[in-house]
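You will see chain A twice below: alongside chain B first, and alongside chain C after that.
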Partner chain A sequence: MSVMLVLIFFSISTALLFLIAFVWAVRNGQFEDDYTPSVRILLDDVASSIEPNPKITPNQTPSLTPESHASGQV
Partner chain B sequence: MQADKFSYDNRIVRLFMIASVTFGVVGMLVGLLAAMQLYWPELNFGMPYTSFGRIRPLHTNAVIFAFIGNAMFMGIYYALPRLCKSPMFSPFLSRVNFWGWQLIILAAAITLPLGITTSKEYAELEWPIDIAIALIWVVFGINMIGTLVKRRERHIYVAIWFFIATWVTVAVLHIVNSFELPVSLFKSYSLYAGVQDALVQWWYGHNAVAFFLTTPFLGLMYYYLPKAAERPVYSYRLSILHFWTLIFLYIWAGPHHLLYSTLPDWAQSLGVVFSIMLIAPSWGGMVNGLLTLRGAWDKVQENPVLKFMVVAVTCYGMSTFEGPMLSLKNVNAIAHFSDWVVAHVHIGGLGWNGFMIFGMLYWLVPKLYGREIFSVKLANAHFWLGSLGIIFYAVPMYFAALVQGLMWKEFTPEGILKYPNFLETTLQIIPMYMLRSIGGALYLIGVFVMIYNLMKTAYAGKFIGEEYAEAPPLSPATHPEPGEHWHRRLFERRPFLLTIFATVAILIGGVVELVPTFLIESNVPTIASVKPYTPLELEGRDIYIREGCVGCHSQLVRPFRSETARYGEYSKSGEYVYDHPFLWGSKRTGPDLQRVGKKYPDSWHYRHMYEPGDMAPGSIMPAYSWLHENTLDLSDLKGKISAMRILGVPYPEGYEDQAEADLQTQANSITKNLKSEGVNTSSDKEIIALIAYLQRLGTDIKLKKTESTNN
Partner chain C sequence: MDQPLTGNKSFGKIKAESLCFHCGSELPARKFSLEDKSFCCEGCVTVYSLLKDKDLCRYYDITRNPGVEAIKPVFKEKFLFLDHPEIRERLIRFSDGKTSLVNFVLPAIHCSSCIWLLEHLYRLSPGINRSVIQFQAREIQIWFQEDLISLRKLAELLASIGYEPAIEESGFQKDAEEKEDKSLYYRLGVAGFCFGNIMLLSFPEYFSLANSREEGMSLLFRLLNFTLALPVLLYSAVPFIRSAWNSIRQKEINLDVPLAAGILAMFFRSSWDLAFDLGPGFMDTLGGLVFFLLIGRWFQRRVYSRFSFDRDYKAYFPLAVTRIMEDDCQEILPLARLESGHRLLIRNQELIPADAMLLKGNALIDYSFVTGESMPIACAEGEFLYAGGRQTGAGIEIQILRPVSESYLTKLWNHSSFHKNKEEAFATFSHKVSHYFTQAIAVVALLAAAYWLFQGLSQRALDAFTAVLIIACPCALALSSPFALGNALRIMERNRFYVKNIATVEALAAADSLVLDKTGTLTPAGSGEVNWEGITLKDEKALFTALFSQSIHPLSRRAAAWLGGNVSLSVQEFQEVSGKGICGQVNGLNLRAGSFSWVTESAADAQSHFSADTRVWLSLEGALLGSLKFSQQYRPALGKVLSELRNTLTLAVLSGDGQQEESRLREYFTPSEPLLFRQSPEQKLEYIKQMQLAGHKVIMAGDGLNDAGALKQSDAGIALTEGNAGFTPSSDAILEGSNFHLLPRLLAFARRSVQVIHLSFMISILYNVTGLFFAVQGTLSPLFAAVLMPVSSVTVVVFTTVLTTWMGRKEGLL
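Right after this comes the complex of A and B.
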């Protein structure tokens, strides 16, 4: 069953990789704020109206009708 | 600070979307055909290319890698740039990723019906395609990590962690499981043999489910569910916990696919323990998803996107509870090899993956085309068709599994098997197979309704190929502080590059050092009477692989009285040392074949393969009449012998030159034997090789006194 050594080696290596990533993430402060990121993703960074884009006219901007379904974020 | 202006590429999202839906229809149609063949074998149209053994892998590959895989790319290529506030790293690499992936799917769609397969489940594709998958996967990784490096948002949202885990782990799994020695362009042998091959395969198989069907879709859930509900995820903290616990536990659960096999007990137990532990993070994730909708269930009533996602997350919860239960040894004893496993994977596939994809599509298409969905009513109709489809699929399969699993194990008071004829247990569940295909058909009709709805939406709107956005650049936080060491910069500032380098280094190191040393030299036979296959048997085994017999017949007798009474002596790991690849199978639609050798006369096999119903009235096995006409192709025989020798099978030096003569001698003796039993055929037909292989199976350690039970 020497193949187990191979699998354990690869499994542990992968786990170590994730451990390094985890330690990095903690020390980088990735998990310090455990609320704002969940709200931030709800906001879209739609280009401001400084230079109106010819390709997007207001009524083509994706689904702004509130009572429709899913979308509706600004 | 001046904001950067940039745009998101929606065209690549649309490409993956079209591919996903198209291949979804194809994959489900093939699945429906396979399901119907189980009660109507003539539906293979008498052609090798459409017989069950060949289209089953076509179905699984199409739905996993083409339908779900393309949808995964679709979801990531939309969500990742928005989460990073940066366009994808390279539009060119995005296209390479797309077209490369479609070419791989095309190659699969051609090779699998032709019988070009490694026979390892969900890794059936032959070595040139395996290499292509690895390359395209690297392209995807570079594109994703490049985007992360260029990101304008310092925080890495939890969804992205799931995407990274998907990429890293699938790369490792695919490479380790695909070590194979090519014989020709379309034929290779697994580097591992027997029980070792089985362990690697199910380490891969389980984690393919974990990291191809689960983690990417959890990432997508953490993006699209809050977006659709317009509210943040219930607990962001829980989602982070969900991620880290899940990835550290998942990779150890693979051996639960091999309970009661010849795998060492401690490894089996390890798999069980980790499987049970997995309930915690999985249910944490499910609860997090469902609670996101707390106080907003009125939205679920109105919004088809949320309806689909709620059912998807619920199915995730059901599957991840059922999985650990199935890996308990006492449950597994009944459920393994039965239709329970089929039901289980379809709760996951149809419910979790399918409904997540439909939810994403109903959300994305209006976004991409700047229009509301054409018809909410039709979307609701799709929802109910799909949900009914899942129920009609799963419930009959559970019922079939319990009925058949218990029939297999039932003894009369006198102590003999109550249902010694395997076929009897199969015929009992035929009505369930019919109901199941109705479930599948309902689900597929729902998909057609969706396609109509989405196309109407698209035609009414105008495709927004580039979506313009702006975001402030990330302030450079990476100024080296005075006195900072170089390794701090390397390890703390460049985590993603580091991830890549580390993976590559690990893989190269592993390949070079470990694999040859451990695997080939350790394959010494532990049972003296176990001998390598003769050239004719080897060719017959390759026909067995080509026709996908392993899809319905296991070659593993578990140490239960009900199995030893039915099939014979239970399996020993020493019997499989020359099996490159292993052929244990995972489903018994027909009986186990580990001890079939010498149980029936040659002519029985000849006639049975020509028309199974003649030998076993009512049999649902398809006929393999082409084997009786095709001439056995010996062009690779020399290559096969020497490849096997490299893998450690003790054929003597120079045996290549003698192999063909030996093969002819054995073929002639089988032909002669057939003639004495009233069958006239010539010795160069494929069926002769297959008979040679079947008659050899399990005879190396078979007791001299043959068991009197028949199956």
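Right after this comes the complex of A and C.
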């Protein structure tokens, strides 16, 4: 019956992987806007003579640092 | 959310050739042409040539006529305040010294072309690195280099292509909400993970697969179940337990109390059973319950990110003003630092931030944000100006008399009705029910326990007691209102009626009175009829069009549009005297337009020509031609709408305007229905309050800031809005003005949705009674509970969703 132990171990780890993936997706903001990406993917870019500016920023929302973002009180 | 991709412009049968290439509005007689394309105004031409210049014309391929209608020319100093370091600091969300990140709300975003253009902003300015749109929130995130483009220049760039950012005070406080936002997803994820695994591990027990030979295996399963149940109790179920605890402390029982009791009973009974090897426990029912409840919460939470329902006056006011110092220098002053006695410069189109006195200049104040009345009022030097008025015309100098929060209009927000929480005041159906429900459950549980104790079976007494709490846990009941009303909210949204939360649907259903504002509610904002009274105009039309085109006064604009001459003649010696009229020479002829005394050049007794309506007189070479009469236009089919509303509600009208419209308005109302004029914001609020004291449930519908108090005080406040801009005072629901005629059906639908909840409540009670039959005997098996709970929840969810959808169809809302 030790095969059961192995199976249970694997099934729970697999489920745990999915949970981690879900948490990552939420943190990454994938549940904040469920409309714009669906449009964006259909808008292919036309070739253009103007080159885009170098993209310096990372692909994520930067974490807000306390000194750069004031509390917002009036 | 269902978002129309093409915006709300209807093409109908109008040929595309007669529409502006940029914005799709109908071409006026005097159209603008560039290349082979026609435009409705100079603004549209400017944007088109800018985009063409930067090779961004794909904008026009994605959606037809995607541009923003009626681009208001933004006056030069509009975004001057963004140069102020204090304000810049608050708006910039992140800066590493080189690259900065800013979020702007752009109310004009409406189609996929908008997304495309705004995400290609980098082509318009080398200082912009990247921009990302959040369509539903109407928000843009821009990463830019401040040494190449300043925040102010960035805002001006957006405004120049028709997407003027709406920068308001309330936008700064979003971050805390976002955090709360995400924790619901985490809780849901954890509950789902635990529920799924517990269920799998429980199957062997349910089907008696674990026999004595595999004692160790069964013990392992139980241990795992217990471990997996811990995060459910300690993390996912926390909101319910916390809410139950708070409600007990406030000595009122909400629906979360029996839920929390059920959750705790399940956990401890199951732990007890597992510890003493009495059975498999109810851990999977616990996981399922919390999982379903969280789904209900998630469904219930409708966030209309593009509307903010709780705006106060600060949302309308500028963030900063231009102060004139002692030595006549100008400085930018954040609004919070404004004090009485300060001298301010108010430019064209700027708002007066606090009650003030006019020192210098021709003030022509448009109080439409305050009263909904669009005719500007001319003021003389030394006259009192109310906060919230907008200057039209050249800049004026004013002296502040009262601090911002003490001004006539803003004082309203100090009223007590702005400090109470409406959601807590309104007892929803589930709120009322849960009170009795909880008591009944407690009595049944105690009676069952007492009976078995009396029989001398203490273990069975404990079983029965906990089983009652578990089975009576009102999961289906807790789900019925989120799903029924959540679906109702969605159906209402399709009809451009945006309701803040599900409690508002119940408040709308419970109402017996409807109070309406006049301007902007019964009449569409900014429109009206123009009637000519006098000799028949022929060639004069072109002459006067030229004259009126010189003036930016709203009446002149409307007069020019009505006359509609498309010949552009030049005007000499143009003169405008505010409050009186305009004059000038066209083709060598002297033209005058304005008040009667101005036009006839006599100090004549204006009284004899005094009329209650708004008129502009015209004269040519000293001869009076006649007058243009401007009157308000009521919404189409108003009579029919009102008579439909009258079936279920008593009606009343509160207007801030004078009495001149009373006779016309009376045609739509019965003699017994009160029509009150010249109502101040406080009087409106007080009127609603008196009705409520008399036992009425009141809906208020209005649009101006002066209705804000009444909207807040009423049981359900509906704000009307015109177009995409969404300029509304704080309210519980927002209705697009063009759909005003749907109001009777929307309210009927709200009432039906509440009936659906009542029915679904009956269903969940039936399930509970069945379960209780076994529970009181102490013979409730975990398998039975594990099946009954999801079945009852699913029944209720399906029943409410199907029925509300069907009701929506019946009311013609789908």
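As a working rule, the second predicted complex is superposed on the first by the 47 of 74 C-alpha atoms of A that agree within 3 Å, B and C clash if a C-alpha of one lies under 4 Å from a C-alpha of the other, contacts with A are read in each partner's own complex, and residues count from 1 in each chain.
One rule holds in what follows: a residue touches a chain if its C-beta (ideal position, glycine included) is under 8 Å from a C-beta of that chain, and two chains touch if they have at least 3 such contacts.
Since the structure is predicted, the reported quantities are computational estimates derived from the model, not experimental observations.
In the superposition on chain A, contact of A:42 is made with both chain B and chain C. More residues of chain A lie in contact with B than with the other chain of the pair chain B and chain C. In the overlay built on the shared chain, the residue A:26 is in contact with chain C alone; chain B does not reach it.
Using the contact criterion defined above for the overlaid structures, shared-chain residue A:11 touches chain B and also reaches chain C. Shared contact residues on chain A (touching chain B in one structure, chain C in the other): 1, 4-5, 11, 15, 18, 22, 27, 31, 33, 35-36, 39-40, 42, 46, 48, 53, 55-56, 61-62, 65, 68-70, 72.
The residues of chain B lying in touch with chain A in their complex are 3, 5, 82-83, 85, 153, 155-158, 164-165, 168-169, 172, 176, 192, 195-196, 199-200, 203, 223, 226-228, 230-233, 236-237, 239-240, 244, 247-248, 251-252, 263-264, 267, 302-306, 362-363, 366-368, 370-373, 376, 461-462, 464, 466-471, 491-492, 495, 498-499, 502-503, 506, 510, 514-515, 518-519, 522.
By the touch criterion stated above, chain A contacts chain C in their complex at residues 1, 4-5, 8, 11-12, 15-16, 18-19, 22-23, 26-27, 31-33, 35-36, 39-40, 42-43, 46, 48-50, 52-57, 61-62, 64-65, 68-70, 72, 74. Contacts from chain C toward chain A in the complex involve residues 1, 3, 5, 54-55, 58, 62, 89-90, 92-95, 98-99, 101, 112, 115-116, 119, 122-123, 126, 128-130, 133-137, 141, 143, 169, 172-173, 175, 178, 181-182, 185-186, 189-190, 193, 196-197, 200-201, 214, 217, 220, 224, 314, 336.
Contacts from chain A toward chain B in the complex involve residues 1-7, 9-11, 13-15, 17-18, 20-22, 24-25, 27-28, 30-31, 33-42, 44-48, 53, 55-56, 60-63, 65, 68-73.
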